[in-house]
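A quick write-up on the structure given underneath.
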Amino acid sequence: MASKTRVMAAAGIAAALGLTTAACGGSSDSDDKGGASGGAAGYNAAVTSVVNPSTAKGGTLNLWSSQDADSWDPVRGYYAFVWNLNRLYTRKLVDYSALPGKDGLKLTPDLAAAEPEISADKLTYTFKLRDGIKFDDGSPITSKDIKYGIERVWASDVLSGGPVYLPGVLDPDKTYKGPYKDTDPNKLGLKSVTTPDDKTITFKLAKPSGDFLYLLAMPGSGPVPQKRDTGAQYGKKPASSGPYMFKDIQPGKSASWVRNPNWDPATDPIRKALPDAINLTITTNADDLDSRLLAGTADLDVGQVGVQAAARTKLLSDPNLKKNADNPVSGFLRYAGITQVAPLNNIECRKAVIYAADPTALQAAFGGPLAAGDIGTSMLPDNIAGSDANYDPFNRKQGKPQVDKAKEALTKCGQPNGFNLTITARNNRAQEVKAAEALQASLKAVGITAKIDQYDGAQQASITGSPDNVKKKGYGIIMAAWAADYPTGSGYMQPLSDSRFIPANGNYNLPEIKDPAIDELFDKANLESDPTKAAEYYKQINTKIMEGAYYLPVVSAKALNYRNPRLTNVYIHDTFGQVDFQALGVSDGK
Amino acid sequence: MSLGPEASIKEESTAPAADAADDRGGEKAIAGRSLKQIAWRRLKKDRVAIAGGIVVIFLIVVAILAPVLSKLFGHPIDEYHIDQIDPTFSTPIGKFGGISREFLFGVEPTSGRDVFSRILYGAQTSLSVAFLSALLSTILGTTFGLAAGFLGGWVDAVISRIMDFLLAFPQLLFAIALVSVLPDSFLFFGDRWSRVFVLVGVIGFFGWPYIGRIVRGQTLSLREREFVEASRSMGARSGRILFKELLPNLAAPILVYATLIIPTNILTEAALSFLGVGIPPPNPSWGGMLSDAVTFYSIDPMYMIIPGGMIFITVLAFNLFGDGLRDALDPKAR
Amino acid sequence: MSIGATNPRPYLEVKDLTVRFETDDGIVQAVSDSAFSVEAGKTLGIVGESGSGKSVTSLAVLGLHRTRSNAKVSGEIWLDNQELVTASDEQVRLLRGGKMAMIFQDPLSAMHPYFTVGSQIVEAYRVHHPGVNKKVARERAIDMLARVGIPQPERRFNDYAHQFSGGMRQRAMIAMALVNDPKLLIADEPTTALDVTVQAQILDLIRDLQDEFGSAVIMITHDLGVVAELADDVLVMYGGKVIEKGPALEVFQNPQHPYTWGLLGSMPRLDRDVRERLNPVKGSPPSLINLPSGCAFHPRCPYAGRNGNRSFNEVPVLHGDVHKVACHLPQEARTEIFQQEVLPNL
Amino acid sequence: MLAYLIRRLFNAVLTLLVVTAVTFGIFFLVPKATGSDPALLYIGKTSDAASVEGIRVKMGLNDPIVVQYGKFLKGLVVGRDYANGPDVNHCPAPCLGYSFKTDQEVTPLLLGDLPVTLSLALGAAVLWLIMGISTGVISALRRGTVLDRAVMGGALAGVSLPIYFTGLLASAIFVYWLGWLPQGQYVPFTENPGEWFIQLLLPWITLAFLFAATYARLTRANMLETLGEDYVRTARAKGLRERTVIGKHALRSGLTPIVTIFGLDLGALLGGAVLTETVFNLRGLGYQALTAIRGNDLPIILGVTLIAAFFIVFANLVVDLVYGFIDPRVRLA
């Protein structure tokens, strides 16, 4: 199974699923103007409503980022902002609708003319394509192009980096080796996907999956014209099926898009395509980016990870700037996974750790309520169906460490004088290291002596992601962060808690939870087509995880972002926890 | 020279060392051990150098007494004081980085840890790394320099080659690389001290060619000196010549350059910590504090100025003293 | 000049010249009120150990102390009826290398390593003949090189100092000094760096050139042999003071000062049995920072006991008419000692 | 002379070989020793066996290290192909390798960063030469005066200030408090010379200040030494104007040692001014190297190390040759 962590390893950005409203996610600070004044600008206005609605076309959108895309190849990209930007040039059979709030989580037919026909056994999905859909070179987009695009997901040996979900659903035994090793003359050898004609595409699932459509909404499921596929190099000039096509890509420096003349608005229910051109500039200096944002020479930070400390101060102290800022829940949870390394294999010792941790110090380490987010209370973020904002089993919201309870737990655990353990943090994450230090300090208060082991975040899959290595090195607590690739409870929690999701490398079920009850609940949820019922299962899973004291939730992350007042149609898209880039326009037409 | 532009040692390595040595040797040859007295008299006259020396001693004492001092005037280095921090800005609430009677040097952003104590322990790290690595460089440098200069021939060729090679190395990069791959903790040392030794190893190792070159040069010039010739003609064994004739005459320059390498090492250690391969947390180091300050220096300059200032003062003090010492032992270099 | 007009001075006349250097270690009393004079065409030899102040005296005459901020010079230096101590830097500069020139001890270090010998001579010439163009100056330089006996001067013109042999280098040095026909030539140990045969040649050369240009020469050396060969008058310096001076013959045949005896004693002579030990002056020269009180020589003076009731606490004055000496020993005592104890060993 | 040159070049190449070999060894063996698989480093997070194997094949990680090193050298000379089945990247000579992390060839990547480092180093060099030498000479001539002491005091302070402190201090003052200069953000000269200048001004000054201090001390020391030389006295004895004595005779030899140091410093800097580039967010070779080291991106580390070492070795050679021309006594053989 693929993991999210590349995303976090890279920048602490999450390909987040959405959130409900600021009221739930926001601190008191962000509540006040929360759901206010649809249309008008204002602090957090974009979280719940569209700021400066407009249909005015023209102008150039100046996007900036403090880091480059991992890849522009739809199959290889994994950063949230890259998925978000993919909406400019990659259409899929279905895509998230362009609406603020919860509606953003809904899928709408995109290349598909309508909702798919789903067989009674929930194993066969059939889509009909729209008419008049074309690539940027004018050639029509056929079902074969879509199939080929999807096949590329199988070629993870050549196209590394992206998520690899679909094989799990369509070809669990990986009998298909991907288009590059395909013996079929048309390179369309994937059996479980068929294209009876250019307008029809059919998927045969190995087992039912409530999340299948979400998988089809990922950039990797977009169409790719086989004759233009250059394998690993495709990301240097991807074809476009959307309203914009690449004009130029300078790795590490910039990317720019112009209108795709062959895109027909009539065929696209989602995209507005207001600006004539879109430029993305990559800077090496985040502070520089901030000062350009505040000066209005940059429109938006596509990273959407929040401004630096310096700009934060400026921004919050000046009402005129503050009204152009939003503080959305970026949608992923920072937490510490507590492993099975003795004595932590004893639940009471795990509880001791959780009670001893100082919630405020940890929050501060990540930047405080605004920059870091609210103190985490459970392993299901507020914004996933099934979560309960008031569910706080370890009473963390009050913000103080609970030394007595911790000591109590220690005694029960048979370690009244505490014990030694190792905390890991990624050395390329300054804040994570600081958090580890904070944890170390508060554990000391109850007699637990912690050693911090920093490691190269790039090697996560093989260091903390390898259960064997974790045992060998005796890692007791692993600082991590997580967000789902698609907005459902299983999409979020299954990799973290399902006993069947423990690979030798790239494991994210850090506590190695092996609870049949949890596994069973996931299966039930997957078969459940009614979201509300599914939500009920997820709620139970969350409870079980917390009762097992497997994880110490730290914060549910937020980011303080600034939007240039000249931007129109600004709103946070709940799927990404970011501004919906494709909707943006510029008021002054420049 | 890429141990950062800070490698001010290069100046000394090119200063008229050889001729200076000639004088010195000469003086010695004639005036016997009176050189020590002359030097000491000169040094005493050099107020600036003495001032530097006093500061150095003060810092050493402070470093040694760090635990006591932080008990008396500060808080444990890993004790959090979140109440001192403004949650929204993660900067100290108090003015000037939260400097107060309670926190003499203010508190660390985000955590509220006591900067004063962290500076003291930082001094411990910086100084021990600097001294030990200087010692290592000196031992290696002297041994190989002597060997090269005295034995000459292929030994000289090989050693000189190695020295050139080491100097042709992008050293800072390598220091970073090495430190980041070497083990965090070994033997019975805690992770703090094992890292200190790793740093000592790396810095000391890349430092020895500077001393080595000088010692070699001096040995070569001394070797041809009458008194060495004399004792050789009198059939003295090499060993005797080496230790009775050469080393005493090399003592002065070695002492000077060993002293002058220390500030460079302090800067290097700080640089490595700044680049994130220094002492592991929560143990403080000045360079580490500076790199933390990068995020906040525009809104909480104090947190940058204090560790930066400490580095500056320390290095300056060592330089002043070192220069004074050189001038005292080697008037020509004035 | 008005005075000079009434009673003509010798070409160079130095009156109670005193040179001090202020150093961190104290005031160095390099030269204390020494006085001497040289007539045109004559040669004055200044002898003494290193540190006796002979070189400093010559540098003071050339005004080379002026660039050293810590040097204090008092007294009078009259060159061709012009007073130099009080003269402006510019005036002295114009005389330097023009009317008075100097030959330095070690020509290798005294010549710039990065410029060709020729160019350095040309430079010396043109600074005092501003109008002259390069070509003429070059010819002049080559002519001088030839004059001092350097073979193939045209070729050597473009060589660097380090490419010359010791003797040739010294010749080049002399050529450079003489390129402006100086009327006063100061030679500071011109031969010490050279081996004996070359020494002789160089000395001959200097003598010939002196005859040719009729200039006054000051020959600074610790080698009495050289002085005996060249000098008309001799000046013996010790601890920065003149302790004996007079016509060369006088001083050699009837030296008055014990120190001079020492010098003579330490002088190797071909007509003497080699195995016979030389008897140099015992002890080491005095520190110029704190000179021994009174007679600077008395700590080393083997005959100090014999000065009857006189004390050494006051500085001995230079007395005598032509042949002057500064010593506390009574005249007769000295003559006796010299006749009975010193002479036999010489 | 020619023989000398050839020998030197041979030595230079040898040194470079050793440097690459050592680097190669460290960064390939150490991960092996610590049990972390290089392939996993390059792969991002997709951890399924197929991807890992794909990378192994493509990078040739399955070959013994010697073979891998051989391939690297070959690529350097004639270029090489990174092939995994139908998926091939050709890397033309001089091929410093292929960074799988950034999915780019190293050579163009580094060539892209070179201008930044060049601009930084050369600009600063001009500044520090002017500042350092002039002050050095002046205080040598005014030796012992108040001016001299002041300048030397400043210089000593200068060499005692780490750039990662002065850098922050400078930008805190000029960028945040006074707002005179913009946030660091390199702009290519070809794109906009004005911006290029403005953006580099602060890095230049900070870096130059550091070196200027060293050079002032150096120059002073050398000048004092030469001023004491006999040939300077001779020049005076010839009656030359003081201007000529200092400006021609003293400077000429007083500055010769500076040439050496300057060459070496510049050489070292061109290999990447790690600290300066880090402090000012300049994406030059040093910055690149640092990120590469942090991310264990061997091909880039190897590339930068090689370039850096090349500059240093090359600088050494140039310096010696130049020296041969400046100082007639030096015979190159």
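Every chain is named by a letter (A, B, C and D) in the order it is written, and numbering of its residues begins at 1.
What we mean here is this: contacts are C-beta pairs under 8 Å (C-beta built on N, C-alpha and C of every residue); 3 or more make two chains touch, one makes a residue touch a chain.
Only a predicted model underlies this, so the values are computations on that prediction, with no experimental measurement involved.
Counting C-beta pairs in contact, the chain pair with the largest number is B-D. Relative to the C-alpha centre of subunit B, the farthest chain centre belongs to C. With each centre defined as the average position of its C-alpha atoms, the distance from subunit C to subunit D rounds to 54 Å. Inter-chain centre distance (subunit A to subunit D, centres taken as mean C-alpha positions): 40 Å. Subunit C has its Cα centroid 51 Å from the Cα centroid of subunit B. Distance between chain centres (mean CA atoms), subunit A to subunit B: 48 Å.
Among the residues of subunit A, those touching two or more other chains are numbered 287, 310, 427. In subunit C, no residue touches two or more other chains.
For subunit D, the set of residues touching two or more other chains reads 176, 294. Residue ranges of subunit D in contact with subunit A, taken from their complex: 35-37, 40-48, 50-55, 84-87, 89, 101-104, 109, 112, 176, 182-186, 281-283, 287, 294-296. Here subunit D touches subunit B in the complex through residues 15, 18-19, 26-27, 30, 34, 156-157, 159-165, 168-169, 171-172, 175-176, 207, 210-211, 214, 217-218, 221, 224-225, 257, 260-261, 264-265, 268-269, 271-276, 278-279, 286, 289-290, 293-294, 301, 304-305, 308-309, 312-313, 316, going by the rule given at the top.
Across the interface of their complex, subunit C is touched by residues 143-144, 229-231, 233-242, 244, 249, 252-253, 326-329 of subunit D. The residues of subunit B lying in touch with subunit D in their complex are 1-2, 4-6, 8, 10-11, 14-16, 164-165, 167-170, 172-174, 176-178, 180-181, 263, 267, 270-271, 274-276, 287, 290-291, 293-294, 297-298, 301, 304-305, 308, 311-312, 315-316, 319-320, 323, 332-334. Residues 29, 287, 308-310, 312-313, 316, 358, 360-361, 363-365, 367-371, 427, 430, 433-434, 436-438, 440-442, 444, 451-454 of subunit A are the ones that touch subunit B when the two sit in their complex.
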